[in-house]
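Chain nomenclature is as follows: A, B, C and D, assigned in order of appearance, with residue numbering initiated at 1 for each chain independently.
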Amino acid sequence: MIIVMEPTAKEEDIIRVVDRMESLDFKIILNRGQVMTVVAAIGDKRLMDPKALEAMEGVREVKLIQEPFKLASRESQRFDSIIELGNGVKIGGNERPVMMAGPCSVEHDLDGLLRVAHAAKAAGAKVLRGGAFKPRTSPYDFQGLEEVGLQYLAEARAQTGLLVATEVMDSQELELVAGYADIVQIGARNMQNFKLLKAAGSIDKPILLKRGPSATIKEFLLAAEHIMHAGNSNVILCERGIKGFDSYTRNTLDIAAVPVIKKYSHLPIIIDPSHGTGRRYLISPMSKASLIAGAHGLMVEVHHDPDKAYSDGAQSLTIDQFKVMMKEIDSLIDNVIMKSIEEAHA
Amino acid sequence: MIIVMEPTAKEEDIIRVVDRMESLDFKIILNRGQVMTVVAAIGDKRLMDPKALEAMEGVREVKLIQEPFKLASRESQRFDSIIELGNGVKIGGNERPVMMAGPCSVEHDLDGLLRVAHAAKAAGAKVLRGGAFKPRTSPYDFQGLEEVGLQYLAEARAQTGLLVATEVMDSQELELVAGYADIVQIGARNMQNFKLLKAAGSIDKPILLKRGPSATIKEFLLAAEHIMHAGNSNVILCERGIKGFDSYTRNTLDIAAVPVIKKYSHLPIIIDPSHGTGRRYLISPMSKASLIAGAHGLMVEVHHDPDKAYSDGAQSLTIDQFKVMMKEIDSLIDNVIMKSIEEAHA
Amino acid sequence: MIIVMEPTAKEEDIIRVVDRMESLDFKIILNRGQVMTVVAAIGDKRLMDPKALEAMEGVREVKLIQEPFKLASRESQRFDSIIELGNGVKIGGNERPVMMAGPCSVEHDLDGLLRVAHAAKAAGAKVLRGGAFKPRTSPYDFQGLEEVGLQYLAEARAQTGLLVATEVMDSQELELVAGYADIVQIGARNMQNFKLLKAAGSIDKPILLKRGPSATIKEFLLAAEHIMHAGNSNVILCERGIKGFDSYTRNTLDIAAVPVIKKYSHLPIIIDPSHGTGRRYLISPMSKASLIAGAHGLMVEVHHDPDKAYSDGAQSLTIDQFKVMMKEIDSLIDNVIMKSIEEAHA
Amino acid sequence: MIIVMEPTAKEEDIIRVVDRMESLDFKIILNRGQVMTVVAAIGDKRLMDPKALEAMEGVREVKLIQEPFKLASRESQRFDSIIELGNGVKIGGNERPVMMAGPCSVEHDLDGLLRVAHAAKAAGAKVLRGGAFKPRTSPYDFQGLEEVGLQYLAEARAQTGLLVATEVMDSQELELVAGYADIVQIGARNMQNFKLLKAAGSIDKPILLKRGPSATIKEFLLAAEHIMHAGNSNVILCERGIKGFDSYTRNTLDIAAVPVIKKYSHLPIIIDPSHGTGRRYLISPMSKASLIAGAHGLMVEVHHDPDKAYSDGAQSLTIDQFKVMMKEIDSLIDNVIMKSIEEAHA
């Protein structure tokens, strides 16, 4: 930890900081510059709140050296985490990228869901996505079918063999959702719902954790750390766009987050280009760009009749569009991505 | 609702949109420009998702005319909401601004809390703030005393007569927290925890709802709408800084949100300058600026020994600093704010 | 243009707006809703400032329907602009993506520049980039070699046959820079230096216009419109990262801007992954992602000894790293990008 | 300077960094932690680019300790700069806040300008603002009267005794503008037009420098540093709103920038609430909030007929509105602001 003192700090301020840190078993090195003094405190900085130090007299700023996440960090585990999703499907590391597809919400029309599921399966997807509990900005929007939606998803799984990924919104519903889901999703707006993160740490299903719209990568990895710290290390990260200032897209898709996270963490990272852009015409180019940048998978919204979708129709592909995209993506994965992985290992 | 068609839209695309909207009982006016056609659809737009329309062939964009919030809107209620907090304390409208003060977290040292509470009371605060359940970015930080913290707050209330505002993080704990609190706080990171909002709508305690760091004012008011829609119209809004790009402050305090919200909503709006800036030296100037801009109250972090605070010491005032600030604020309220309210009514 | 009236607007306010717009030869359609009235004004909205209307009594908001850019818009020209850069090199449309590479700044070491230029040429680049006039955040940083730098670039061109792209910072230096450059670059921080844009519109060299760090895509295309309006339609757009809140990258690279711009404009759009990320390890994945997303080219910083670069060493590739990346990129372009273009035309 | 090495850095990487810094006359202190090594390099860090170090093998990150601005810093000058504007008007320190008012653009109607000027003078303003050269996002908007506009401003000055503040957009026009202006303004979009900053450093008129919409405070102060470094230390800073994500305001007015800048710099700082919000109803509350937060002045748009303004009518006050606001502001300055300054000195 680096503690930068104010240029106006008095000698006694410096001594007080040194004493405080030594009492916490930090080893201290004083770096006295011409204008300012810098106190380097070496020790287990992860167990203390640097903000507290900033409250001390004469302290200008505290800079952390080490990343505050630990279990999620690349330093704690050099090799990539590969997570078993079920049915032999694995995600992470050098595994073939996993495609997840399905409607934003599970709707009353079970046949529509089944059509999407069969088409997704045929096109090569391994996971069916669909929301039974829906976080909605307005209380007047469709709030989801709840348990009936989960049953529909289970029916689609039974018919197709796809795995099911679906969102949980509240710790009280976790048991119910986890009873149906193969992958339990925590949405972007709940990324810092710490009770839910902790609860998710106590189950044995893989957790798909979406990045909050204003979360830094550090905050994102710390949210994963909450889950891991509570006992579940099967966390799949999902970048889905951050808050931006442009109106041509719903969010700003931060594709660079993929290689950044691969450098700082061993966890798998996928991309959701549907929420990440909010526009149908952007899904295919952003999907390919994400995979080339190293994403371990994609989560894409597909609807059998997007015009009539209860939610997010504008960012859903039709079944036919999804088929076309999957053909191109398969070719990209086969001819470029898997080949370059093989060459790296040859 | 204004539906802008693409310049390349075909006549059949326009007809399909018109038919769809008419089937939903909207009245249609076609505005045909030289380059584009614009479909105005008049009806109850609050009950339908405009994103769905954007999925239709030939549609470029859908623009909402009316605000999507209803119960929270100034249009639904011309006069200001004034909320009774207890002990005769009211907030909103032309009531004297309400000061809320206390430590970020309730800590093991009950005496410290009591010292802060007595000092806050003496200086003119009406509400004691303090977190018993703490949302923390890192799982390694102090997570709160939970029910013991609530008991400490109750003890401080018993001794001082201050009202208690404290945060609830999860719908499962709402009953417990509401059992102790006079005002139940929903934190910024839970602003779109819709299950919690809905649960908060079912109790009869006032809710202090903090703005999420990347929430637009529209999203903020829609979060309030969730609570009101579920039955509780006693919602106090709190601006506490939004995500910015500058490192001299922790967040960007959006003081303009105060007059904006007063124009579009009848709900009271207060400011939290502690989280809003993250720096102790900014609390006093930002507090005064917020009140002059029309805030109905302030929530300020005060600690008896900020150097040793478990959390947020750097943005807490000492008891002495709080006293000095309150003297200045009282003078500002008496000599400027209440006087200008009186003059407006004279 | 859609003029939304306040719910409290009086009939006379509406009449005044209608009269005003009719006096400007707009055709008016009144859309009277239950709560608000919406005035649709049809006519040449590009020639008037909608902000002025917002000043009128009773007006809540003015929404533009048509994009405010005209010459740069896809509507004004359906087919892609293909710009001749010299030596037979073309950029835009379905042309093979153009690689531009070179050091951030031209430095005193001419040999180093020549080494980079020869290596870039050998690896398949068509354009040598390098700054002789350098915009620097601090006055204490290296400010560029000015005309000597331009002479060095000319020498590198003479030896390699590469085209030269270099930045102009001020209208007074445009003639000088354009005398040496094949492509004149306008930097991100000058994107709204309107005098410079206008001056750039009066020369006959292609202009490479970088997106400002807080520019919306609309503002970006309007900056291009300034150049085109002044007479030069050979504008190449360059996305180079926008202001974000994360500290792992220098900027947030907005790759979705590529397909967005291709939808709304006919101009070529390239990506600068060096400034777009600020980190060397991100250049290769972001370069490939940009090309797959449809970029017409890349501008990459390459230095013969990045450790000792006067500027931006941390985001420069070494010559060897550039060679490796170019091999992968060439394979991507040949096997995926050009193939999919051919298939689309077959 | 603090150089954080990667956990994977080799001993030779550390040695290379140490050698490099020692060769630049830095004194080195090695801080070896369990996971990472941190190199503290003490010396004149302002004269070298830390980004270059980040390019070295094994370096994770370089953190600056000292602020990179020097002449603008509080450390270089403890007392506040007070700048003489002419006619005995001073700005900065404990001087009475200076009001600047006038239309966004100088328009063809000279009488209108004179009406505004006389009213501004009568209401207590000291400076007339108005643009003769106008930076406009679209080339189709009014671009300003240029020299005729300057002549109109001079006429208004002659009639009222007000000082004139007007914008220069390009180094070529600086001499012309400075020939008429008492205060030369550099606009937000030119904040990093370094040629213009340098040119502004060579004249002897005070410079009003506006903060760029995505500029950090550090970048803002470094832009001031460019002017000061070139010889002109009479720089007045102006916060005018930063890029935000909310659509109820044009920009996010960062009032906290006032006390932040007063802590880190000795230069005067004023606020422009017109651009800072873009909405007329927000000007008065934001003006008062800015003054209470410590602003040394305000720049406000006032137009004799905002409905017909060529630009920015929606954010201009009418003459009557300005009068009302000035009465309230005068009372605030007299009864609160100047009184608290006096008390601090008593």
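As a working rule, a contact is a pair of C-beta atoms (placed from the backbone, for glycine too) under 8 Å apart; a residue touches a chain by one contact, two chains touch by 3 or more.
The structure displayed is predicted, hence computed values, not measured ones.
Two chain pairs, B-C and C-D, are weighed by contacting C-beta pairs, with C-D ahead.
The greatest centre-to-centre gap from subunit C, using C-alpha centroids, is found for B. Each chain gets one centre point, the mean of its Cα atoms, and the points for subunit B and subunit D are 31 Å apart. In terms of their C-alpha centroids, the spacing between subunit B and subunit C amounts to 39 Å. Averaging C-alpha coordinates per chain places the centre of subunit C 27 Å away from that of subunit D.
For subunit C, residues touching at least two other chains, in rising order: 214, 242-245. Those residues of subunit C whose C-beta lies close enough to touch subunit B in the complex are 2, 4, 7, 29, 31-36, 38, 40, 42, 63, 65-66, 75, 243-245. Interface of subunit B with subunit D (complex): residues 214, 216-218, 242, 244-249, 252-256, 258-260, 263-264, 276-277, 281-282, 285-286, 288-290, 292-294, 328, 331-332, 335-336, 340.
Against subunit C, in their complex, subunit D makes its touches with residues 20, 46-47, 49, 51-57, 68-70, 135-142, 169-173, 189-190, 192-196, 212-214, 219, 222, 225-226, 229-230, 242-243, 280, 306-316.
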